[in-house]
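Next come two complexes built around subunit A: one with subunit B, the other with subunit C.
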Partner chain A sequence: MKLILFYLRKLFAVLKNEVLVLPSRVAVIIFFLFILLLPLFTDDLYVLRVFTLASIFAIFAASWDLLSGFTGQLNFGHALFFGVGAYSAALINLHWQLAPWLSIPLGALIGVAAGLIVGIPALRLKGTYLALTTLAFPIIVTGLVFTFPDFTGGELGISGIQKLAPTRIHEYYIISILMLGLCTIMWKITDSNTGIIFHAIREDEIAVRASGVNTTRYKLLAFCLSGFFAGIAGGLYAHFMRIAGPSVLEISLSFMVVIWAMFGGAATIYGPIGAVFFLYPLVEFMHVIQDYRTLMFAFVVLLVLLFMPDGLFRWLREKIETECPRCKVRNIATRDTCRICTAPLD
Partner chain B sequence: MSIILDIIVMGLIKGSIYALLAISFSLIFGVARIVNIAHTAFYMVAAYCIYTVTNYMGWSAVPAMFVAVILSVILGMVIYKVFLNPIREHEGAVLIATMAIAMVFQEVMTLFFSGSFLSVPNLIDGYFIIFGVKVFYQQLLTLCAAALVMVILMIFLFKTKLGLALRSTAQDREVANLMGINESKVAMITMGIAIGLAGFAGAIVVPLEILEPHMWATPLVMMMAVVVLGGLGSLKGSFVGAYIMGFTEAVVVFLSPQGAFLKISVALLIMIIVLLIRPEGLFGVYFEEER
Partner chain C sequence: MSQAFLEVKELTKKFGGLTAVNDVSFSMERHQIIGLIGPNGAGKTTLLRLMTGILKPDTGSVRFMGQEMAGKKTWDIVNKGMVSTFQNMRPFRRLPIIANVMVACLCPRALKRGEWVKKIEAKAMDALEFAGISDMAKENASVLSQGDLKRLEVARAIATEPELLLLDEPFGGLSPAETDLMAKSIKRLHKGGRFGRLHSEGPAMIIVEHKLQWLMMIATRIIVLSFGTVIADGPPEEIIKNPTVVEAYLGQGGN
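Take a look at the complex of A and B:
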């Protein structure tokens, strides 16, 4: 009993002193609560479907950020990992009759293999060359999909895949909790020593190599991790939509993920997730003006970029928080002195 | 024999179109350092413009071409001034701004013309036959026009003062600025010229292609492949790469049963293999990293 009370008190202390003092942390808590409690407020299947898909795309966008935002290996063909994950989960489920909880991780492992295949040639290329080369990979695979329609279903795709869970609410909870978990893992990875090396590779690869870090290994690691998470997103998508068609390999999906990530702010992990949860429902709920919604989407992106070229969520964070000049701890913008070292903030 | 001739004709045409697109894309990238994803969207806009002018206003095709090219140049320069110039320091932002611009064009075209497939009549009808292969006059015209424009572009770049300014800005932005070249003005002029070339490519290819709002995607991929294959910022590389890609496509289409699906895959595979051997492309030089 005492132990429980102790932990409760500790939890409250952490909540009061570490979480509630920073608006960005409060926002994360609100986001978690919102995702977990959404089905209590609405049982509209359409709304749930929109947010389930947003969760899937959030994993996907965050995985792009893990690779391209952090290590700076600009990937224009990220739909490859998503598509490979979706197609392999679908084929494994259909031919080997494996349940979704097995077929999705297996699909993700094939996504890792795809990451390695793209990663090895990508090691020799830099910057724009890399971006334009990676664009080619999903298109090559699309060509193969159309060439062997007996195996891949051709233009119609693979249908008749097992459902993820019996009801929409179940599916919503499986996918959204997975999203929260996987995104936290990704955020943790980028916050660890590995993440710091990823950052450094983007800033100056030669300097990192000169410091004795095997950059090749880390770049391949970034490709594999990114392929893994995107593969999971693809597998979830295949089981949720119950179809894996050529649309999961399209150029527009590759571009979309770049737009999401850059719009939210690259190299933050929370930026792309926030951007997906902002843009995807926005576009979906604009179905009253069906014909204009992609147009509106593009204009929203253009206008936001014009005023916040570093990304929406990064801009917001800069507005509501300031960094202490002395101890580098973040503070809410309304404070006059730092909450740790009481140095005056400007 | 006839199949070889077919391959040559198709390869030359595809290659010329890719060359026009890739050279203009290279120009923008070299001078303004913008990866212009919307490049082929302008090609689409010009094509639709010709369709509108010839179909609804009843003009003949040659003035329609002029209208299309001039309109796309103006459109390109306005978009550069309004959307791209203010955010040029942020590479990522420019990238997705151009993507968004391409999407805007695609959607606007869908709104006006719906998603249906359209086509434009030939400029000149008729064909002649060599070795049993039909060669349409329209194809010949496309080839000649592309060649003529490329020659004019080369003369402009290598013989005029403005061309010199363009090339020097591409080589080193800062030093060019120090020598009294107005860098942002040169960037805008380059944008106009390059978009005009893309519009011209759209204008001459339109009778041979089917018009639809997604027609920008495939040329975009091939154009980028050509640019990477030839080496970024190298005009000679873009030229050679374009014909390599064009002929590869033609060979695959005519020689393999699933050619229509495989042509892009094979062409891109060749690009990747070349890059594995020569990471900077065939004629490329790595730009001095700005640190």
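Take a look at the complex of A and C:
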């Protein structure tokens, strides 16, 4: 009993001294709680469906950020990983009758292979040339899909895939908890020593090589990790929608993920996730003004990018938090002195 | 069989019609500090880049501690113990200064060596302390002045625990006082006693520099390049009296 109390007290201390002092950390806690408790407030199947899809796309957007935001390898064909994951999971499930918990990881592994295939040309190309090359890959795969309609279902896609879970609530919980877990893993990767090397490769690749780091290995690692997470998102999508068609390889999906990441703030991981949970439901719930939906979407995105070029969530974070000039610890903007070193804040 | 520490043989590099480095050969011992001088465009920086694998030589060989280095990847060469700094500094501007050095501390060579109980951050901090910019460790690299950027370059290079350090204009753009400090740190580094390998000697060095006054203070041997070829090689006292060198720097009839 005493032991439990001890740990509880410790937990409260951490919560009080580390989490509640920073609004961004509070926001993350609120986001976690919101995702986990949403079904308590609504049992509207449509709302749950929108947020389930938003969770899938959040994994997808964060995986783009891991590759292009951090490592600077601009990928304009990210739908390739999503599509390969979706098609692989669908085919594995359909032909080998494997359950979703097996077909989705296998699809993600094929996503890793796709990452390797795209990553190898990326070793020699930079910037816009790389972007154009990556743009071609999903188009090539779409061509392959149409060439072998018996195997891939052609334009109609593959249908009759097993459902992820018996009810919508189950599906919601499986996907949203996976999303929270995978995004935390991605954030942890970018926060580690590997993340520092990813950052450095974006800044100056030659200087990283001259520091003795094998940049080839790290770039391929970034492509594989990104392919893995995007592949999981694709597999979840296939099992949730119960169809894997050519739409998962569309160019619009590739660009959508770029828009999400830029909107939320690239190279942050939390930015793209927040952007998906802001933009995706917004566009969905604007179906009441069906005709102006795309226009409104473009308007919001342009407005944000015009006034907050670093992304909405990074801008918000700068507004509500200040960095201590002496010890570089972040503080809530209302404080006059740093919470660690008591230096005056501007 | 005793091998030369570093042996450069008949190294040639052409850029189109221009022969930047032409048939350069020299060898060096473990204890030397070589000053590499020459007029602008003589091929000094190109020679260093050929040695560290950033550029590939057309012909010739670079043998370092008995192994062929020409044509290898830059990171392999760094992990064998030969590292260079950049003349025009290339920091990761949007990363904190300590992260700049941590990248170098994360190379396989640095991970294997040094005080292994120390965390990467602590190792990076050691290198920064040596270079004298540890007080700014958490600032972004973009706030650094020219002189401090040179120090960051040196910190990043020594964080890989090199055997041979190639410094490309370490005094370039520094004030006389800063140059004095830098020259002293370089001498101290050569003597060793720092950086993990506590009981061993410091790295051998090749220094490309235009500030001859300070270079003569630290270098034990000078190699003079002009139009890609070695025109003189010897101890500093001899070099300043050498008529060919004076001619290359000042032109003919300049008595």
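The rule is simple: the second predicted complex is superposed on the first by the 346 of 346 C-alpha atoms of A that agree within 3 Å, B and C clash if a C-alpha of one lies under 4 Å from a C-alpha of the other, contacts with A are read in each partner's own complex, and residues count from 1 in each chain.
The rule is simple: contacts are C-beta pairs under 8 Å (C-beta built on N, C-alpha and C of every residue); 3 or more make two chains touch, one makes a residue touch a chain.
Keep in mind that this is a model prediction, so the values were computed, not measured.
Asker: Examine A:117 and indicate which partner it touches, taking first as subunit B and second as subunit C; both and neither are also allowed.
Answerer: Touch partners of A:117: none, neither subunit B nor subunit C.
Asker: For A:38, using the defined touch cut-off, is the partner it touches subunit B, subunit C, both, or neither? Pick first, second, both or neither.
Answerer: In the superposition, A:38 touches no partner, neither subunit B nor subunit C.
Asker: Regarding the shared-chain residue A:196, is it in contact with subunit B (first), subunit C (second), both, or neither?
Answerer: After superposing on A, A:196 lies in contact with subunit C but is clear of subunit B.
Asker: Please indicate which partner A:102 is in contact with in the superposed arrangement: first for subunit B, second for subunit C, both, or neither.
Answerer: A:102 contacts neither subunit B nor subunit C.
Asker: Classify the contacts of A:204 with the two partner chains as first (subunit B alone), second (subunit C alone), both, or neither.
Answerer: both
Asker: With the two structures laid over each other on chain A, which partner does A:332 touch: subunit B (first), subunit C (second), both, or neither?
Answerer: Neither: A:332 stays clear of subunit B and subunit C.
Asker: Just subunit B (first), just subunit C (second), both, or neither: which does A:213 touch?
Answerer: second
Asker: Using the touch criterion from the header, give the chain among subunit B and subunit C with more contacted residues in subunit A.
Answerer: B
Asker: So subunit A touches subunit B in one structure and subunit C in the other; where do those two contact lists coincide?
Answerer: 204
Asker: Can you list the subunit A residues touching subunit C in their complex?
Answerer: 193, 196-197, 199-200, 203-204, 206-215, 327-328
Asker: Applying the document's contact rule, which stretches of subunit B touch subunit A when the two form their complex?
Answerer: Within the complex, subunit B contacts subunit A at residues 29, 35, 37, 83, 86-87, 89-90, 92-93, 95-97, 99-101, 103-104, 106-108, 110-111, 217, 220-221, 224-225, 227-228, 232, 258, 261-266, 268-269, 271-272, 275-276, 279-281, 286, 291.
Asker: In the complex formed with subunit B, which residues of subunit A make contact?
Answerer: 121, 124-126, 128-129, 131-133, 135-136, 139-140, 142-144, 146-147, 204, 251-252, 255, 258-259, 262-263, 266, 291-292, 294-295, 297-299, 301-302, 305-306, 309-310
Asker: In the complex, go through subunit C and note every residue touching subunit A.
Answerer: 52, 54, 73-75, 78-79, 83-84, 86, 90-96, 99-100, 102-104, 106-110, 120, 138-139, 156, 159-160
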